[in-house]
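Each of the two complexes below includes subunit A, the first together with subunit B, the second together with subunit C.
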Partner chain A sequence: MSVAQTAGYVAPRHRSRSRWPIYAFLPITVMDFVLFVLPMLIMGIASVLVIHEFHVEYRLTANNYLFFLGSPLYLSILGKSVLIAAVVTLACLVIAFPFAYYLTLLPRHVQRIMLILVILPFWTSYLLRVYAWMTILGERGLINRALLGLGILDEPVRFLLYNNYAVVLVSVYLYIPYCVLALYTAIERLDTSLFSAAMDLGARPRQVFLHIMLPLTLPGVFASFIFVFIPMVGEYVTPTLVGGARGMMIVNIVVSQFQALRFGIGSAMVFVITALALCMVLALRRMARLEKVFGV
Partner chain B sequence: MFSTTRRIPLPLRLHGAAIYVFLYLPIALMIFFSFNRSPLGTFPITGYTLHWYQDLAEEDFLVSAFWNSVFVAAVATPVATLIGTLCAFGLVRAQFRLKPLFSSLILLPMVVPGMLLGAALLIVMVPILGLTLSIWTAAAGHVVVTTPYAVLAVATRLYGYDRRLDAAAADLGASPWRVLRYVTLPLVMPGILAAALIVFTVSLDTFGVTFFTIGTQGTLPMYIWAQVENGVTPTVNALGTLLIVGSVGILGCAHLLLRRR
Partner chain C sequence: MTSRHEWTRRHMLQRAAQAGIGGAALSTASRFAAPAQAATNLQGPVNAFTWGGRIIPTEVADFQKETGIKLNFVGASGNSENLAKVKLGGGAQYDIVGVDALWVPKFYQEGVIEVFDMASWPQYNDMFDQFKNMSIWKVGDKFMAQPWAWSPLVLWYNTNHIKTPPTSIKFLWDPALKQRIALTRQQEDVIAWMGIATGAKKPYDMTKEELANAKDGLKRLMPNILKFPPQEEELVKLMADETIWVTALSAGGALRIKDAGGPLCKGFLPPEGYIGYFDGDCLVKGAAHRDAALAWMQHRVQAKYVMENFLKYRRPLAYRGPLDVLKQEGKSDLAHELFYDQPDLIAKMVVIGPPPNLGDYIDAFNEVAGS
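Then we have the complex of A and B:
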């Protein structure tokens, strides 16, 4: 056997190995179909049926959609939810970009540790990470305590909690690890000699950022959109705990419909939001190079 | 800003430091307050106590919620890990035209808000199928949500797998089954164990799907939810501290298993 053949050694193909994939995908396909795709489709169908509490009447109706889309209040909350999700995503990107770049400048072994430290909070209880902010923003929380202690305030302020700003702040806290990870992966792959080359040719830092760094890291930006924006549109815990009545988002309305056993209207709402989210994933999928997440 | 030398500009360093403070301050405060004697769960600081931890053990609802959580995770973990492992093998080893589309579709349950998936499952399970919600229906929901994590963990390990080892075994006369049993699986096993640990941790923490599919029995997140809707309490601080220590411990093990030599 020649050296070249040895170097480019290709594993012999077994019959069984070429069959591997089909069997391998069967369980996940069946599971996702039965417990994910089918429920979504059935819910889509249920949304055009008449449902009285637990009793389904197999009669077509558009009332569920008319009720949702005909209500200015619900529509404005849907619009606000999309807006909050967009603001949170942008804030995450703006804050995470310089940070991800900073991480890539550190020595290799330090990078690993710093990255683990970024992801670690993400693995601790989601509910408790939202809750923990109540100990900071609340009436007896850290901020009020500090301002009272410094003599800046005479009595605690209440406006820190229970509004849209608190929702945005806490959501940025919740979702920024995703963003750092996606941007870090994109920036880390960059060839830094491109920056030096551009600088040597007289480019200003701003131009290097806009014309070289940003375009090359766009997949990370799109991936952040998928991992931040979409879960954010369906956020429920944050608006409930720190948003209060003023910081309400669309899933709060969905939950109240389900609690009132208005399953028809509830499904119409969920179907609209899910359809919005799915369209966005499919639109951004190629640009985000999502398959890279699995390293394949 | 775009220097190639190792000197990192000061603003970037400060920004980095601020991010770590931002990420850890809320958690640190919660841990801190769990040892504070004040029954308010926040300021003022009135002294050190382990009282809130003792209180936890006496909460019957909490104890049953804990065991429900463990039960759901114990049902979901083997199923999700098995499905995820098979899928990871397929994704890493097969080549087909629709692979990019397929792998992004597999990710979907990770990004679609859990509340929406939970609501869809509820519609199918209750008015349509007439099922009674229980920890079993919740476990089914948990399998869907946690499987992508299992795929990710196993794929990470498989990606660094040297396939010449399989080839060598096959050249020495091992049947495909023996190659899998005695070469591939033992080497990939750390990845599969890590996947199981990650799935377990994610399942313990799953809120959205559980919210709609559990019925009257509660898991830990459901218990915490009922508590925190009333604001800050010192027992939740103590419970949170224990959960953080627990999940970080489990994931530390997963991390060690996934580390490449």
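Then we have the complex of A and C:
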């Protein structure tokens, strides 16, 4: 025991340490409450009240939810949004997984450089990156110019942009860094001797991947899902810019309801989407048995 | 810059003298200096929540120099959104709000703007009669909004690909235009265009049957629509790189497309009717900087700024001053091309406004574009 400790310096240090988590969590808690919980609370209330433009009648109604849930069109757009989000998430995982794995095998200094390259797109604005894709995929974009220049095409192709495929392609590009970082963190912690042990016992590479590697990296997969799928369901900018005339996703519909001054219906839609995202996270958590993986 | 200032003032005085109101001109000239004299008592800054592409740096810098008051510009994106924001923020947050045509009475009914007296302003006489007598914007002699820009929405077409000038709005449905049309994502305006094409009497106040016809028109038009971008700038870009061949833009569309490196485009006002707008700046009720806001509104309609604004943004404005100067400078063609010398068109336009059944319009659009 040091002189300082015997002189009674330990107790105050312990006190400040015990308080520290409160201060550390305070900003994020306040931010979360003001920017998420409070607006959701207001929208939750708005979604069950009768509202005609700006005039609120203080009586409860389920009509706002019934309007949304009773509309085959809006439900199909919600379904389409979920499907596109699922495709983007899956594509990101398929591309990011091998990349993240081989990244962990590289020497440390190369890994650092590669990770910088992965996050490099974040140095430019999100909007700029979407516009960059528009100049690549457009009728007079880089791809068409190259194909015309090489004599492969006689006239530019138009299916590269302004459709759901373009939405998926651009979204995969936008979200893949999140996926790589989440998976890299999970894979880097793996004890690779487990793979050797499994192989020594006769497991094929596919079996090693499915029965050892994938279960152990589920936290990374789960984190990727949260980082990609959930924002993708609520994606607004990319479908608006690179989606075609029929490229509406559910958030476009929500925005249109608020533009029509239908605050009750818009709020109900937001609540349903949030509830859906929450349910999917919980379902995935249960399916993946993360408690087991995390050891809790 | 200096020469333009001198020239503008000189011509304004000349015009006043020609009209035999030299005395009034002197009075006007003295009133021009009024904002500067009154400056010391004004409280700022002026928070202007209004449309982009309507404020020029010179007028803002001069206003600050003369009054010491700063102008904070906040870009507006849509009338209904503006209404919601002003309703929430009120006069504490905004002093001025930019509003379109028939939305102005709606803002007034909702109690978010207040009327003000413009007849005593020096520039009042410079306003086109169509705006002076705009009964829907007036309560007694007072105005709900200070008129600013106006324009019909013209159907611009690429002359490289459309050789025969269209004669009817029906040309939009030509199969040769597959995925070659884009319109801004203003759902009610798209439906109103369809209403015009399908013969609705009041395209912004359609009956259920008319709305069903308009929806059907949009459904049939969808193969020709490439996309509904949120901003006009994207339409200009798409026209410039010839991704699309037809769009609806305000006056000066062809010039904007040409400036963006695009092809020669021509405008077409369909005989069946066409949408148009006029907009204005409204004084937010209970504005924290009311007097400064009114001083700014008076400041910006000085002939020199109106002229500079017209040349920069190439849109007809509510004040005729620059029109006379353009004629004297031999730029009548430009004024004509931009409809500036045709204020009679205002009465012929199907004016943008909030349909009483706005939700039905939005649903009709979503049902077609979302299916």
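Rule of thumb we're sticking to: the second predicted complex is superposed on the first by the 245 of 296 C-alpha atoms of A that agree within 3 Å, B and C clash if a C-alpha of one lies under 4 Å from a C-alpha of the other, contacts with A are read in each partner's own complex, and residues count from 1 in each chain.
Throughout what follows, a contact is a pair of C-beta atoms (placed from the backbone, for glycine too) under 8 Å apart; a residue touches a chain by one contact, two chains touch by 3 or more.
What you are looking at is a predicted structure, and each value in this text was computed from that prediction instead of being measured.
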First (subunit B), second (subunit C), both or neither touched by A:S256: second
First (subunit B), second (subunit C), both or neither touched by A:G138: both
Which of subunit B and subunit C A:V233 touches, first, second, both or neither: first
Which of subunit B and subunit C A:F54 touches, first, second, both or neither: both
Greater subunit A contact set [subunit C / subunit B]: B
Which of subunit B and subunit C A:G247 touches, first, second, both or neither: second
Which superposed partner A:L73 touches (first subunit B, second subunit C, both, neither): second
Contacts of A:F33 with subunit B and subunit C, given as first, second, both or neither: neither
Residues of subunit A that lie at the interface with subunit B and also at the interface with subunit C: 54, 138, 140, 240-241, 258
Residues of subunit A touching subunit B in the complex: 9, 11-12, 14-17, 20-21, 23-28, 31-32, 35-36, 38-40, 42-43, 46, 51, 54-56, 95, 98-99, 101-103, 105-107, 114, 116-118, 120-121, 123-129, 131-136, 138, 140-142, 145, 173, 176-177, 192-193, 195-196, 198-199, 205, 208-209, 213, 226-227, 230-231, 233-237, 240-241, 251, 254-255, 258, 263, 266-267, 270, 273-274, 277-278, 281, 285-286, 289-291, 293-296
Complex contact set, residues of subunit A against subunit C: 53-54, 73-74, 76-77, 138-140, 158, 162, 240-241, 243-248, 252-253, 256-262
Residues of subunit B touching subunit A in the complex: 1-2, 4, 6, 8, 12-13, 15-16, 19-20, 22-27, 29-30, 33, 40-44, 82-84, 86-94, 96, 99-109, 111-117, 119-124, 126-128, 130, 140-141, 143-144, 147, 151-152, 155-156, 159, 163-164, 166-167, 170-171, 176-177, 201, 205, 207-208, 211-212, 221, 224-225, 228-229, 231-232, 236-237, 240, 243-244, 247-248, 251, 255
Residues on subunit C engaged by subunit A in the complex (per definition of touch): 78, 80-81, 83-84, 87, 110, 179, 185, 187, 222, 225-230, 234, 241-243, 358-359, 361-362, 365-367, 369-371
